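Chain IDs A, B, C and D follow the sequence of writing; residue 1 opens each chain.
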Amino acid sequence: MSYIPHTDQEVKQMLKDIGVCSLDELFKDIPPQYQPASFNLPEGRSEFEVYEHLKRLADKNAASLVNFLGCGFYDHNIPAVVDALAGRAEFYTAYTPYQPECSQGTLQAIYEYQSAICLLTDMEVANASLYDGGTALYEAGMMALRITGRNKILIDGGVNPIYRRIMYTYTTNLSIDFVEIPVSHGQSTREEIYKHLDDKTAAVILQNPNFFGAIDDHSDIIKRVHQAGALAIESVYPVSLGMLKTPGNMDADIVTGEGQSLGLPLSFGGSYLGFLATRKKHVRKMPGRIVGETADKRGNRAFVLTLQAREQHIRREKATSNICSNESLCALKAIIYLSVLGKQGLVDLARLNFDKAEFAKDTLARIKGVEVKRSSPTFNEFTVCLPRDSREIVASMIERGFNPGLPLGKYYEDMKNYLLVCVTERRTKEEIVRYAENLEAVLWN
Amino acid sequence: MELIFEESVRGRKGLRLPKCDVPQAKDISGRYKREKPAQLPEVSELDVVRHFTRLSRMNFSVDTHFYPLGSCTMKYNPKFTENIAKLTGFSQLHPLLPQLLLGGMLTQGALEVLYNVERLLVEITGMTEVTTEPLAGAHGELTGMMLIAAYHRDKGSRKKYVIVPDSSHGTNPASAAIAGYQTISIPTDKNGVMDFKEYKNKLNSEVAGLMLTCPNTVGIFNSQIKEICSLAHRNDALVYYDGANLNAILGKVRPGDIGFDIVHLNLHKTFATPHGSGGPGSGPVGVRKDLTQFLPVPKVIKRPDGTYALEENRQKSIGRIASFYGNFDVLLKTYAYILLLGKTGLIEVSEKAVLNANYIAVKLKKYYDLAYDRICMHECVFSATRQLANGVHALDIAKALIDRGFHPPTIYFPLIVKEAMMIEPTESESKHSLDRFIAAMRGIAELSQNNPEVVKSAPLNTAVSRPDETKAARELNLRWIA
Amino acid sequence: MELIFEESVRGRKGLRLPKCDVPQAKDISGRYKREKPAQLPEVSELDVVRHFTRLSRMNFSVDTHFYPLGSCTMKYNPKFTENIAKLTGFSQLHPLLPQLLLGGMLTQGALEVLYNVERLLVEITGMTEVTTEPLAGAHGELTGMMLIAAYHRDKGSRKKYVIVPDSSHGTNPASAAIAGYQTISIPTDKNGVMDFKEYKNKLNSEVAGLMLTCPNTVGIFNSQIKEICSLAHRNDALVYYDGANLNAILGKVRPGDIGFDIVHLNLHKTFATPHGSGGPGSGPVGVRKDLTQFLPVPKVIKRPDGTYALEENRQKSIGRIASFYGNFDVLLKTYAYILLLGKTGLIEVSEKAVLNANYIAVKLKKYYDLAYDRICMHECVFSATRQLANGVHALDIAKALIDRGFHPPTIYFPLIVKEAMMIEPTESESKHSLDRFIAAMRGIAELSQNNPEVVKSAPLNTAVSRPDETKAARELNLRWIA
Amino acid sequence: MSYIPHTDQEVKQMLKDIGVCSLDELFKDIPPQYQPASFNLPEGRSEFEVYEHLKRLADKNAASLVNFLGCGFYDHNIPAVVDALAGRAEFYTAYTPYQPECSQGTLQAIYEYQSAICLLTDMEVANASLYDGGTALYEAGMMALRITGRNKILIDGGVNPIYRRIMYTYTTNLSIDFVEIPVSHGQSTREEIYKHLDDKTAAVILQNPNFFGAIDDHSDIIKRVHQAGALAIESVYPVSLGMLKTPGNMDADIVTGEGQSLGLPLSFGGSYLGFLATRKKHVRKMPGRIVGETADKRGNRAFVLTLQAREQHIRREKATSNICSNESLCALKAIIYLSVLGKQGLVDLARLNFDKAEFAKDTLARIKGVEVKRSSPTFNEFTVCLPRDSREIVASMIERGFNPGLPLGKYYEDMKNYLLVCVTERRTKEEIVRYAENLEAVLWN
């Protein structure tokens, strides 16, 4: 069994047809002294036993904590159609659509996904997906180096610290001048950016809303960036684009983001979806697969992978990226999600997130000793300053059934007492109020 | 077919959102706000269902068609693993929870999965430690290149070159280049393996590493691997194992035992997780003992008391290569698959995968030229040179196969075989299924002889036929415009 | 296509069973044992997956095609309801658990669902109580007939007849007959409703009941319903409401308010639970107050303390009509559907269903003869008489529609309309979808005029065309034989 | 919304085309005085809210009790392929396959299902499904009346009491002579049957294994039944047919059963699956839909609904049954289940059930005061006699996390101390041992 159909009879027949006497003979290129030193694996089990084992492990996780944790990875509702459709075997058991005639379903869906990403961000072209939001940002940085021929990158301290660490990791071995614009108590200043912006700068990387949830209009910064001959890279949170000024409208050159909020479950960190959009003029420098529309030999609309000359399987060491498998199925989920949500739905959803978060701010602000930061408008995530180290408070809240947010001390030394709180449309008023009551109890009982 | 955008009707809505149960908040200033809503589709849920259901039906897939796409290991993806990934105890778990105080204890099940997967992959590869973080094979390669760099950096050197055979997959040289290395390409000898003399010649002290696929991309296991690795080591170059073809050798040989220093696996190939029309994949990387210090963080560890925790600080770690712990749902499915098959099952996988490939090779070699006429491993590579004499390209044969209900073999790769047709049947296919494919291939071979024009006009039974790729690249149309 | 049995290969296995962890028991005596194993398929899991996936692709369905099958209410089946039925708290629950001491308290959620569904259906129909037990519409009818019998029996009488209009669905007379009644058929008048005079004439004291569909099966609401019911009541006959067409009148009129005594609903029609290629359905039955005593047991009740329990002893109950509480998964989906739509949504359903039907009627009546040319409710019935002049039957038009990507309307019913084409678009279909259908129907009408042979040769685009039904019935081949 | 696509604009246009001014006008056939007396329904909610509500209700059910309750409805493993394939929208959103050209998928699957039922039971023909095991048995009884023209039915007391109540219910209004063969302490005798068997008898209804789990060979009874010119109806448990003598081999005339054990979840009682098989000579008297193979006009294999002249939509009051919608999707699940289980799989599965139950018998027999009934061999269900009323013992076991079986006093007055225990392949040795330990504790602590 083990999903292998061969009967003994068939194996015999096949060996005979091949002209060998045993299966071992087929492996004769492997010298006997290459035998595994060990191969100590458990013996197989039935799917029912394996399922029970994994069910037990799943039940050990407190996935049902009431979630106020975000940090770029959000607990949104996922309409049932998303999985019902992406769960069609013709999608999930297919490979990359190299053969257009038997892959039009995937190709058209990805073309639609690209279109939706462009519409969301107000950009001109988007690729077929990248691994996740963090690696997408790294790819955007590399792309800017290629476009500008420069080798300095400024990255705002308000960019997700996880992404910043990823950027560092990938560039360690390259000779890139990497400058981080410091933040002080969750605030970075334009002056700091301008101070470092020069004619060696390939790109300035910004995030909106930033890691603290703060909303900004980066148009003025981007203007200065362009004056310096550099590119502006924006990392965005797609759901917020139902409400917020678009990076395209701010004149960004490359936009990336984490697509998890577009219909993907949190799933302990993956599979997620990196998206990347840019201006048409940069398309040949863009990493990743791209689907284009064309006509077939009968003149019918047809979709194909295009601009493959940028890619590793053609260009090898000269490719714009090494990416091969991407996150196609996640992109499919995203376009299904955006389709069923629709034009007005995205607007309403963004509003719902905003309203809930504002309500949470007001509710938390009423607790003694809790200071809700209001220096900038926020979308669905915001910082509160607590009277003591937020790390222990978080532990107490977890005990009370909440996943209460991120203690910021881990990433920002001057913010030990701060907590980053996220409120999506999934949180009810009642849950928000209970959260506040419990927080108060933790602080003062 | 119409685009979902073209099905829009102004004002139509698809989804009902929860009612707002809090007061409407004061609006933010207009300068922060979007001017016009994004022109997303305005369609009903049924529109969406019909649209994507119909699209799905335009695909070939493993569940509907034999899919012998070489180098991709399109094996059967067990259905029960899908259910495991949907268990809410996993699917609704926030990845940052274990990084909070107390959160680790509330994610023991997920951490145990990661730990166990790692241990299983360690045993399967013969390496010392594995990171589950890389999100696909190429991502694993890049991670591997960074590990190589970290190793040399740690020794105070900064070498310049990475060697790749010319038969290597495109991601290999690309990954090396992106990590900051220049690549040296080594030709393939007439037996289908890396030319040993050339390799020896090119090897020098500036070579940081060597990337090998094994069996390689023409399906051949290089019996000199150990010598190749020793030679590299003598030059303090590390040897990287591209595990895309691990399906051929499970339980037969382990990269860690024969001299490889770093290994990536493609879980979406060898371990039966679905390819998802091109992803998500998962490309865990294993290393030999002295390289474990460089592995990316966070890493799951098992504490003496039997609980699991995240190690976030590993001093010499290369850092973070992805947001979290890898494509967790893919790792879950891999874990389930390995537990189901077990030791015997995994060995059987390789035996039957190799059996199937050789069966096809033997049955078709009278009709098509084998690139290397010898016993192969999990895949065999033909060249359509004989057919080309009649003007029939590998591409035409591919299209003719589509008409006959088969997904074509890989034809764009390997680049070293002219008019390549790289056939990887996998162990999942029955003799009956192979025989049907063989009959179709023979039929096409005959037709190429007798009536090549018919082959060149394929496919006829598909919604689209031979899309114009030049037009696609010249008159770029990459998105819908309102 | 091959049968799954024909794909068998001797000795091939599909499923791995759990290992036996107990000692092998002593065998039973040979006389109790099966002689030879059943010749079930010997196939791999992938064989099974491919086989049934391919079969699925040979069907039309709501998710793939417009499906205006009259009287069947083929509306969109919301996906989220499928997930609800899969919640293990429901799907793994043994139905006998609440019948054990203490078990009731451990099934409160399931019992509450049953209770709430019943209350919602009570409000929707205007009846006093509902039983969720009947497993389809026809099963509801049979239950209804047994309730009628119980009512009369309780009064010491045993009446003989049940009246059904000739437009009624075949299940109506069949249910009456099976319950032990003789049926009296009443013709339909020229306005498409039951001939009132004839009805009055046939009504007598031996009539136990009258079965009506309302709107009836030609899509017309009989404005005299109240009078009809009163007349029946004056003869101590009960009036049964076949609720198959409830989709037309949600929130517009309730059977309970206008004199009906017993009602069944087809949840798989009005309440959007999937038809499953012909089932499972669900046909709850509601009754007016004085009939509640006859309802089948067990019934869910709400206790004063707010908990739910099963009432198993209702003295005059007709007894048990099914093993348990109905098709529970279908009831769950119904419950979810009603909660999602709510009052306003349900009213909108009927309004849009009726709008769609009238739109089609108006747009096609120039091309086909309307059986009754008047405003209709949720469906309209055409007659292909005009086309028949050219030798084109409703059946031919149906087959031509298949070629054009539409499921045909109902054509075997109602029997009172010659060459009937009964079109029920439902509220789920958009104007665009209707317009495409209308265009196809117009095209076929023109073709029937100009080139009837083409219509009669349809369908051309399907795997099979016009199977020989006579052969099927004469040379019975009802199963695979080894 | 509410799954209705119409925009206001479209509604206006459509009304105009129809030639009316308002939606109300379309309802003018409904007299105003027919207005609903009330229509008090809650307002609509999103799928997310409804899901949460139902999740909460689901969580209130103790579905995870370790299950030893059977009684004809069994807790078997269901391979994941079953739902994955039956969950294909082309199957579950289609209607009855009236139009063969666009329903070949369903038609072929049902034909295969019919074949499998015939193979399992060793009978010649089977129908496309009936509602459930209970109504199938009733239909078999009706069928026997039609075939024999007689009106007396004997039913063994070992037939599932739920089914017996169903039979009574349906026949109350008909003039049928219904005789129940009594059982005493779970045993009925052949003599009792023969006593009532006469030339008015249309059918004798038996069950194997019977409600107490006891296995029998009914060949001798059936011979006598046939000598009396009556038909033998057997109600069977399909999984047991992997091991037990088939009803066909016993020469039964009609075979029915509950198909739930063939890949359907317990699901609180439905949807289930009634199957019915018989001899070819009775096929025209058989209720329910039937799929037959034929050839299409090009000579290709094709499947159609056949013998429709028996059915209500053609024959109306003269039909063999009133059934219309049946349990098609459940039949599909059953054939998928049987296909993946396969020839040897069914044998192995039956054996596994048998072995586990025998182990449980041995284990329970070791408890003081527990008497395991061994007068007949059993399959996977058996009776034990406890030292006191089993009803209270059941309650205690439920408290301890077990669904321990059925107290037989409810259906058999002389069996108040008896418990009917079922052990399927899902129960592990460890669970069986724990069950025994707990039972012992309940009895003696």
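In the analysis below, a residue touches a chain if its C-beta (ideal position, glycine included) is under 8 Å from a C-beta of that chain, and two chains touch if they have at least 3 such contacts.
Bear in mind the structure is a predicted one, so any value in this text is a computation, not a measurement.
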Shortest path length from subunit B to subunit C (each step joins two touching chains): 1
Winner on C-beta contact pairs when C-D is weighed against B-D: C-D
Distance from the mean Cα position of subunit B to that of subunit A, given in whole angstrom: 20
Between subunit A and subunit C, centroid-to-centroid distance (C-alpha), Å: 46
Contacts with 2+ other chains: residues of subunit B: 9, 12-18, 43-47, 49, 53-54, 57, 62-64, 76, 78-80, 82-83, 340, 428-431
Sequence positions of subunit A contacting 2 or more other chains: 1-6, 10, 44-48, 77, 79-81, 84, 89
Graph class of chain-chain contacts, one of line, ring, star, complete, other: complete
Sites on subunit A touched by subunit D in the complex: 46-48, 77, 79-80, 84, 89, 426
In the complex with subunit B, residue positions of subunit C that touch it: 7, 9, 12, 16, 44-47, 49-50, 53-54, 57, 62-64, 76, 78-79, 340, 428-432
Complex contacts: residues of subunit B adjacent to subunit D: 9-19, 43-47, 49, 53, 78-80, 82-83
Of subunit D, residues touching subunit B in the complex: 1-10, 44-49, 79-81, 84, 89
